[in-house]
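Here subunit A shows up in two complexes: once beside subunit B, once beside subunit C.
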Partner chain A sequence: MGIIDKNLSLRDRNKMLLGIWENEDKLVEATSELVHARVKIQDVYTPYPVHGLERIMGVRRSWLSIVAFLCGMTGFSLAFWMIYYMYVQDWPIDVGNKPVRFSPSWVPVLFEATVLCTAFGMAFFFFFRNRMIWGIKPELLDDRQTDDRMVIAVETGEGVDEKKVLKIMKDHGAVELREKTGGVQTTI
Partner chain B sequence: MIHDSLIRERLVTGGKTASDVTRDIARPILNKPSTAWKVGFTLSVIFLGIFVVSLFWTLWTGIGTWNINKSVMWGWDITNFVFWVGIGHAGTLISAILLLFRQKWRMSINRSAEAMTIFAVICAAMFPVFHMGRVWVGYWALPLPNAFGSLWVNFNSPLLWDVFAISTYFSVSLLFWYIGLIPDIATIRDKVKTKAAQYWYRFFSMGWNGSTRIWARYELISLILAGLSTPLVLSVHTIVSTDFATSVVPGWHTTIFPPYFVAGAIFSGFGMVATLLVVARKVMNYENYITIGHLEAMCKIIMLTGTLVGIAYLTEFFIAQYSGVEYEQYAFFNRASGPYWWAYWSMMFCNLVSPQVFWFKWARTTPWFIFIMSIVVNVGMWFERFVIIVTSLHRDYLPSSWVMYSGSLTEIGLFLGTFGIFFTCFFLFAKFLPVINMSEIKTILRNRE
Partner chain C sequence: MGHGHHKIEITQEQFTVPAKGKRFAIGLTILGLILAGIGIATIDRSGSHSHGHETSTTKHEHAETAAKGGEIAVNEHATEAHAEATEHHGNVENKSFGPRAEFHEQNKPWTTRIWSNVLIVGYLLFMVSLAALFFVAVQYIANAGWSAAIKRVPEAIATFFPVGFILAFVAILIAKNELYHWVHYEHQHLTNGQPGFDAILDGKSWFLNSKMFLIFPVVLVAIWWLLGRKLRSLSVAEDAAQPGDVSFFKKSIRYSAGFAVIYGFTIAVVAWLWMMSIDAHWYSTIFGVYNFATSWVTALTIICLFVLYLKSQGYLKLVTDEHIHDLGKFMFAFSIFWTYIWLSQYLLIWYAHIPEEMAYYQIRYEEYKFNFLLNIILNFLCPFLILMMRNAKRNPVVLTIIGCILIFGHYHDVWLMVAPGVFGSGQQIGLLEIGTLFTFGGIFIYWVLIALTKRGLVPVNHPYIEESAHHDVGV
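Now for the complex of A and B:
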């Protein structure tokens, strides 16, 4: 598995069928129906998170929590090594002739470094995985998909019954149906 | 499917649809600035000017322009530092802890509270940094070998823990805020008309298009960040409190400080959120999004945390008496009846007595009254830090070191000036970014079925 999710790109798709919704519940019904009919949904675009939709689509649970744990361990280890090197090996500070070794006074710095590395490591992974880079051009299928409209995109090809897909979409409340070939969209 | 509760009031009123939400909340960004915004922004910039002048005077002449001395070596500067850090606690608390507790009323206020956190931490950082005197060697506070040999920072010192805690808190809060903003920046990107605006909103939206695959990961990262930020927010003020608690100064050397400081920070943070939002909801016409129910919930938290802080004040007295240590007993006796009695009793009135008014529903549901109370809370919390710092220091173990302290004009200017930084940043935020989290609010609209 590469880090960048290849499923997200719309650039190389030949032809797509698009259904537009304005109602979340009908969108969920339509997605569910399409999945039951064994239609491979490219993606569903919504202006806000619709809970449960990713499970219906069969999107696997993200590895983010594992990445977060690994980043946290890295941060903790680096901070421990830093303090040990500076404070025990390189220049021990004699306070009241106490032995210079691990003490609870290290905990705040270890904790903060762990949190910092976890948060930023996880965020960088999230951005890479989702192809999110500053300045990248967004791939939009409808100019209101970040406002109040929702889009189901189905890639057509061999084995895809276009008429059946369009019928399911229409029967489950799509307010508009479109076909996208290359960069051109036509209303059906 | 969203079900209406029979008991709870709606979180968004006015029968709003998703497109109404976008239109209402993006209005200040898409339109020309209102007169209220222009007046507020100009005033803020004037205060920012006061900060610049005071800072210039401090740097040009030196820390001697402040009235701190060998006994009261921390004065207004560290009072202001702790005051602003405390205010900075509400943002992450609202976003993180209330998210983990699934409190949906947070959705209307989390964005502005997070912004407030970031600006407040910037204001806070000014004071210890410039208190160093030679600010150009401020990087010595970082774990770097200095130019004169292998001398490292002291990991036993709470002041170093502070460097790590505040910088981590600032960075993680900024990240949390930015990740939360991305979907809304994308919404604005698709609405703005001018080329420059389109460029910048596109730049910061990172190609967001609302894909369900990304939403699923986005929800997960928000949850993990909330899980991380919850202990972080508690650790920051705990560490700030250890600046005092690990010392041997009577009045500071007490184990109650960490929970007491955290409760105080939440108290003052909510006070500032209430100050800002009572005004913002009126000026920006957000009454349907920041409802009386939201204000009431905030008032309840203010009352709870104010009472917690009040109990801590009383416990300190009890412990001083119970310890049998005469220095400790004198420190507290002096606080309440010494030359700074007025500061102590202002603190007691503002933080312990006045929030009790929120037991009455009228007080919790009347915006102008909440606004006044939120100011009272913040005045009280400033006095709390002043009392802890100045009354503990001004009577040393040696009576020959006893002094009185009051802030100089430069110190007062710096403090007022940080309000300039804070409000200038806040007005710019309100003009260019959505003050309410649109994508989250759209998930709780009741008329979608």
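Now for the complex of A and C:
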């Protein structure tokens, strides 16, 4: 199941068919049916994570853990360089006759810097990837999709049987069906 | 894989120990006995009796010994009586630090090494089994759903803790005079002003005395055992109850909370009395947490290995890669936790560099450098670097290899708490050590396998069993 290019803003997309759900189980059923019917789902919007949905939709594993690893390595390297420059090269200080080079006192600094960079890096890339960076206008398909409603969005176009999509949605518990063209939504 | 949202049939499973499993456990015990036998046969018995009083060392060597043995500052004037042990009498010698001359003259029979090994393995298995009980309690307190499907495994492991306790306790009863130099000191009944009087040990004697030493752990174990038995019987009763009856679950939460509080406050006492008091002049305030971390990560590892074994034999049908993944995460996370605690203890002592605190690490760093570093490699670097990857945590083969490394690593950790303190320098993990580990390890495995057969593997009426069956941590 291919995931449609998400980098495109919702405003710039073709006509979309929206189904609104209030029941999580029925939403999962409908998603499953649409996938089986080889309908390309643009995305499913839920106010909270719904278990199993990502497997049905065929969402690939996130790169976030690899980003986290790289951020951690960056933090470790930066801290290592910082300590080495400050404490060994530039201004060595004899504290209690402890060794200056590679001594256990480096460990907490290395650890903290690694954790700090990992956490900040993950948070930044998570929000960046989810288009939740400051300045981006939120694109809600339904005002209640962050509250108690769930939305399945299907982009129409060549090879999309609109009637079939709407039938599947209706048969699997959609409480409302809508059509979206540009910024205008009309209830079907 | 738990796709969720479809009904998963919850059926009871009855475990019967496969012949291969029994043979493995018994074989491990026999192999252990053989190795231990060879180890005992090759102990240098002559070394233990005669060399305690050799005083022919030159002043230079003397100074070296004082530095090596981690002689503490209080003791500078007492080094005259310090007995230098010759290199080839390695196994039972009295070069250990300790401020009193008497201690260095204490001859230890060669059997001390056997009892120290029984203590190490008994203590480890005792702590690990108890930590498994703590795992069960934590799941109840945290209202955890995912673990319901594997719950019977830690419950079975927990039944071993009285046995581990008895093992360690027998070793202590028989050899406490040699294993703990403060016991030896206590028997001399010295008062202030007498030669050989030790102000530090005297000051600790309100707590560190034979009565406390023997009675306190027995009382604690009795309390833990009663609470553990209660949790177990509730769990059994739940299986036979009406589906949907949560009264057993609610009661279990209360008993678990009680157990967790008592365990949390008292597990350190056993660690102080049995492990920390080997180096009786030394103390570390984080020692209880350190011992808990060791036992906890080992318990999680053993739980994971038993789950993998049962899974490979076709049992625990509700357990999926998701549960295995979570156990792998636990092994990974608490290996880091162990390292964190280990380093916290080491770093403060290293920084402050107070002689009386340094003594513990000085001997371990200078005389046991290999073991000191091996400890970090086995218990931190291996799990950290390998289990970091997601696929490794979901791979039974990788988990088994890392699990074996961790079990040996934490055995080695406990060994390093005991051996340098009891014998001074010159010890190494040999056939006797490995043999003792295998012997009691085999008995432990056999015991747990039998305990697993005692009742169904699936807590069918557990309120969260359905949730556990659907457990899914996502892509």
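In this text, the second predicted complex is superposed on the first by the 174 of 188 C-alpha atoms of A that agree within 3 Å, B and C clash if a C-alpha of one lies under 4 Å from a C-alpha of the other, contacts with A are read in each partner's own complex, and residues count from 1 in each chain.
One rule holds for everything that comes next: a contact is a pair of C-beta atoms (placed from the backbone, for glycine too) under 8 Å apart; a residue touches a chain by one contact, two chains touch by 3 or more.
Because the structure is a prediction, the values reported are computed rather than measured.
Asks: Overlaying the two complexes on subunit A, which is it for subunit B and subunit C: clash or fit?
Replies: clash
Asks: Pick one for A:Pro47: touches subunit B only (first), subunit C only (second), both, or neither.
Replies: After superposing on A, A:Pro47 lies in contact with subunit B but is clear of subunit C.
Asks: Which partner chains sit in contact with A:Arg129 here, subunit B, subunit C, both or neither? Use first/second/both/neither.
Replies: first
Asks: In the overlaid three-chain picture, which partner chain does A:Glu29 touch, first (subunit B) or second (subunit C), both, or neither?
Replies: Second partner only, subunit C.
Asks: Quick check on the superposed pair: does A:Thr181 touch subunit B, subunit C, both, or neither? Answer first, second, both or neither.
Replies: neither
Asks: Would you check which partner chain A:Gly96 touches, where first means subunit B only, second means subunit C only, and both and neither mean what they say?
Replies: Touch partner of A:Gly96: subunit C, not subunit B.
Asks: Does the superposition put A:Val59 against subunit B (first), subunit C (second), both, or neither?
Replies: both
Asks: One more residue to check, A:Asn14. First (subunit B), second (subunit C), both or neither?
Replies: neither
Asks: Share the list of subunit A residues that count as touching for subunit B in one structure and for subunit C in the other.
Replies: 25, 49, 51, 54, 59, 61-62, 65, 105, 108
Asks: Applying the document's contact rule, which stretches of subunit B touch subunit A when the two form their complex?
Replies: 1, 17-19, 22, 143, 150-156, 158, 160-161, 164-165, 168, 171-172, 175-176, 179, 182-183, 186-187, 189-191, 202-221, 224-225, 228, 231-232, 235, 239, 242, 438-440, 442-443, 448-449
Asks: In the complex, go through subunit C and note every residue touching subunit A.
Replies: Touch residues, subunit C against subunit A: 1-5, 343, 346-347, 350-351, 353, 388, 390, 470, 472, 474-475.
Asks: Report the residues of subunit A in contact with subunit B in the complex, numbered from low to high.
Replies: 5, 7-8, 23-25, 43-51, 53-54, 57, 59, 61-62, 64-65, 68, 82-83, 86-87, 90-91, 93, 95, 103, 105-106, 108-109, 111-113, 115-116, 118-120, 122-123, 126-127, 129-141, 143-148
Asks: List the residues on subunit A that touch subunit C in their complex, please.
Replies: Those in contact with subunit C are residues 25, 28-29, 49, 51-52, 54-56, 59-62, 65, 69, 96, 98, 104-105, 107-108.
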